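What follows is a set of structures for review.
Look at the two complexes coming up: subunit A is in both, with subunit B in one and subunit C in the other.
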Partner chain A sequence: MEIVCPAGTPASLRAAVTAGAHTVYCGFADETNARNFPGLNFDRAEMRDGIAFAHDRGTKVLIAINTFPRAGDETPWHRAVADAESCGADAVILADLGLLDHAARNHPRLRRHLSVQAAAANADAVNFYAESFGVKRVVLPRVLSVQEIAAINAETEVETEVFVYGGLCVMAEGRCSLSSYATGRSPNMNGVCSPASHVEYHDENGVLDARLGGYTIHRVQKDEPAPYPTLCKGCFSAGEKTGHLFEDPVSLNAEQLIPQLQKAGVTALKIEGRQRSRSYVAQVVGNFRAAVDALEAGRPMPEGMLARLSEGQAMTTGAYKKTWR
Partner chain B sequence: MECPLSHPIPQIPQFPVALAALLRAVPLAPLSVSLTAVSRSIARRHPGLFRRLGPYSQTVFVLDPTDLPLVILLDPNDGVPRVTLARGRGEGAARIAGPLAALLGLVHGAFDGDALFFSRDLVIEGDTSAALALRNAVDDAELDLSLEISRFCGPMKGPLQRVIMLLERHCGVSLTRAAEGAIR
Partner chain C sequence: MELTVGPNQFFWSAERWTSFYDDLAKAPVNRVVLGELVCSKRLPFFQDRIPDAISTIVDAGKEVALTSLALVTLKRERKLTGELSEMGVEVEVNDLTALAHLPAGLPFSVGPLVNVYNEGTLSWLASRGATRVCLPPELPLASVSSLARAGADAGLAVEVWGHGRLPLAISGRCYHARLHGRSKDNCQFACEDDPDGLAVHTLEGKPFLAMNGVQTLSDSYTCAAYQIDALRDAGVNALRLSPQSTGFTAICGLYRQLLDGVVDADHLVDAMSRIDAAMRLSDGFLTGPRGADWSGKTVQP
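Let's look at the complex of A and B:
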């Protein structure tokens, strides 16, 4: 199985390639990619150099251009697709119907993958994107069970890629606007969920408040793990109840489900975390590469060491096992 | 299905209390001048670091090694940085606080910033966006502070580096750039 690894910077790209990534995904330093964070991403020269570095070592590079263009202002997105092709990308990861159509018409030799931001969650949707825009691979949303993924693969020839590690988005991706209610900015249009410009932490005598757009999303006591102030994982009071309404602050880890995902017909395993450091990339990629190599050699799956890298220092198999609420 | 933390977080080494006490008596101005010279050398050798700061290239950062009796004020100053050591909390737009070993580990790529934040070993206050930009820019620069400092040591460069590596092995603090596979 193919391991698809994140790279937020050229240093992370080199770390991912060195750690054994089959494929790396990254994005340009602008609003065309859904990880438009300060200090991250690639300018055109860095992208060209990064792709050359990866190709020299047999690693593929995918470029995520997976936000939704503004009507009447499509030029940055069109330029990003053209530059991805000229930089030598192995594929682009797109979400928007109009941009997929543009890429298919103007860059037919550039392989197209469907971003998770398109939220294609059934075989009909997957086949529509393949037939209409020549999409070769679909990144499935993190809301499907292994059985549901197997059912989709049984009804399509399109390759499927699923998330196995990292931040757990529990919403219909590409449709979630929760972040914009608190900040005016969303991952879909601006490339940022819980943008750092609206995040504040206040640590008073060890009690940490995590705020987003002025709203306190979490309060944790001394020595409790710190969370990101992400609305879908926030602690809310409703009536007389207080708790995590949608999901706890945890990270996805489906490492032990890799054999089942392989049986379900999945082609590629995606690791989330373009906003994380090269240290994270090296550790997670090395871990998953060892797991996939063990699977292919018929050895037992190695036990992971990734808990301390996880949000809330806790992990979940998310929807894959459907014990998740 | 949630699972508990199955592997403990490695303990971050603390700066020796006795040595920290000695630092209270050390005059900070000459150290500030030396660190400014090192930072400008880094800026010349790693211009991408300051380019990545983007809109925060004139933002003053407070780097607070919580086990030392001083803070480091870093003013990127559009690629001609100034470093000032100060007593007390210092003033800046963003504060990144944690044990010296954690801050050095971040610079050298030995630690993941988010993991240190989750475990409460690192505290971020003030302008989170600026702090994030600095963290990402430093992570991409792949700095080796021992190498950067020893450039100023002329013929003593080799012996100094050997001492640093010995010290690193002895105290478990990341004093050089983490080698692939040695990342924690």
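Let's look at the complex of A and C:
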């Protein structure tokens, strides 16, 4: 199985390639991609150089152009697709119907993948994108169980890619405006979720409140670790209960499900984290590459290989196990 | 400008459901979208009542459309989605799965849960037979204006979220079931006790969201009353009102009077506070900066 690794910077790209990534994904340094964070992503020259570096070592590069173009100003997105092609990208990862149509008509030889932000959650939707826009691969939303992924693969020729490690969206991706409701900035329009620019920590009498857009969604004693206030993993009250009503502050780790995902017909395993450091990327990539190589050689999977990286943060297999729902 | 009533987002008893549409038939609205949007497990409780409700509304001289589910994952949901067009009324696509199933050449409308953020997407949908699009509630006025112009050029009606709790997210997980310590498959219909969703407060006790099964809504009710001139100038064709359990036909009447110039926005807001004093309002997605913001009159309870 193919390991698809994040690269937020040219240094991370080189680290991922060197650590054994089959494929690296990255984005241009603007709002055309869903990790539009300060100091991240690639200018055009960096992208060209990064792709050349990767191709020299047999690694593919995918460019995510997976936000939704702004009405009245679609040009930056169209330019991103054109530049991805001229930089030599192996594929673009797109979510918007209009942009998929544009790419299919104007850049027919540029391979198109469907972003998780399009949330194609069943075989009919997947095949629809393939028939309409020639999509060759779909990144599946994190709302599906392994059995459902197998069912999709049984009914489509389109390759499937699934997230196995890193941040976890609890909501169907590309269909969530919680962040813009609280902060005015959203994944779909701005490529950000619960942005740091809207986070405040408030310290009073030994209690530390974490606020997003003025809403207090975490409260810890001052000596406890304070998780980042991502909206869907915040603490709220409803009815008689107070707690993490949507999801605990966990991240995804499906390493132990790799054999099942392979049986389910999955082509590629995706690691989240373009905002992560190159050393993190190198370590996660190295571990997943080792796991996939072991699987393909018929050796047992290395166990608990990523526990160290999570540094006490809770891990989940998310929707892949049906009980998560 | 016309008024469209969107699909009820909540789980109501079959009796409440029927009487809601009986009342709505008499309300001054042009178009009604009905059916199940949020959770396929609710559908068996009122599915057999849909044909009668359609007849009642059509007989009252209104247009009717049938919504698709917002998130289609299970085999029976795919089958259900495929059968929508057999009901003989227009389908409102709220997940592209429904578009995949529509017979070629059949006109359809597009609901607010399909990502229509730009002219490219709007014109592609028009080329596939879309005759009407309700824009995603997240869009600011500038985008609404661009898209309304593009809609006029493409011969397609553009609708904007005008009133009601905002559909902010949809998930594979049922939060109502989780709150009660159950899984989605064994939810025992935990959402049925909350006809407008269950209030979700922040840790300082501010009302913030409303949970509705697999859906997460805003606590606030959008009210586009102060943006009517801007929307009309932009060429928006219709305002969408989203059902709530109390005073809904009166709310429809107020918006009709507002559009007709009989009452102004301040009057509408005062009247709504008498319908439900706990209803907090927002129009921040249109005006900025945040979706939760409100540009209009503050009514003291």
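In this text, the second predicted complex is superposed on the first by the 304 of 325 C-alpha atoms of A that agree within 3 Å, B and C clash if a C-alpha of one lies under 4 Å from a C-alpha of the other, contacts with A are read in each partner's own complex, and residues count from 1 in each chain.
Throughout what follows, contacts are C-beta pairs under 8 Å (C-beta built on N, C-alpha and C of every residue); 3 or more make two chains touch, one makes a residue touch a chain.
Everything numeric here is computed off the predicted structure, so don't read it as measured data.
Novice: First (subunit B), second (subunit C), both or neither: which does A:66 touch?
Specialist: In the superposed model, A:66 contacts neither subunit B nor subunit C.
Novice: For A:18, is the partner it touches subunit B (first), subunit C (second), both, or none of the two (neither)?
Specialist: The first partner, subunit B, only.
Novice: What is the contact status of A:115 with respect to subunit B (first) and subunit C (second): first, second, both, or neither?
Specialist: Neither partner.
Novice: Counting only touches as set out at the top, which of subunit B and subunit C does A:98 meet: first, second, both, neither?
Specialist: Second partner only.
Novice: Does the superposition put A:153 against subunit B (first), subunit C (second), both, or neither?
Specialist: Neither partner.
Novice: More residues of subunit A are touched by which partner: subunit B or subunit C?
Specialist: Of subunit B and subunit C, more residues of subunit A lie in contact with C.
Novice: Which of the two partners, first being subunit B and second being subunit C, lies in contact with A:278: first, second, both, or neither?
Specialist: A:278 contacts subunit B only, not subunit C.
Novice: Show me the subunit A residues, by the header's touch rule, that subunit B contacts in one structure and subunit C contacts in the other.
Specialist: On subunit A, the residues that contact subunit B in one structure and subunit C in the other are 323-324.
Novice: Which part of subunit A faces subunit C closely enough to touch in the complex?
Specialist: Counting only subunit A, the residues touching subunit C are 68-72, 74, 95-99, 101-102, 118-125, 127-129, 141-144, 148, 151, 170-172, 174-178, 180-184, 186, 188-189, 209, 213, 215-219, 232, 234-239, 241-242, 245-247, 319, 322-325.
Novice: Name, in rising order, each residue of subunit A that touches subunit B in their complex.
Specialist: 8-12, 15, 18-19, 37-40, 195-197, 199-203, 208, 222-227, 248, 250, 275-280, 282-283, 286, 305, 307-317, 321, 323-324
Novice: Within their complex, state which residues of subunit B touch subunit A.
Specialist: Against subunit A, the touching part of subunit B is residues 1-9, 52-56, 106, 109-115, 117-120, 123-125, 128-137, 139-142, 178, 180-181, 183-184.
Novice: Show me the residue ranges of subunit C that touch subunit A in the complex, using the header's touch definition.
Specialist: Residue positions touching the partner: 70-75, 77-78, 81-82, 95-97, 99-101, 113, 115-125, 136-139, 142-147, 150, 166, 168-175, 177-179, 183-185, 198-206, 208-209, 211, 216, 218, 284-285, 288-292.
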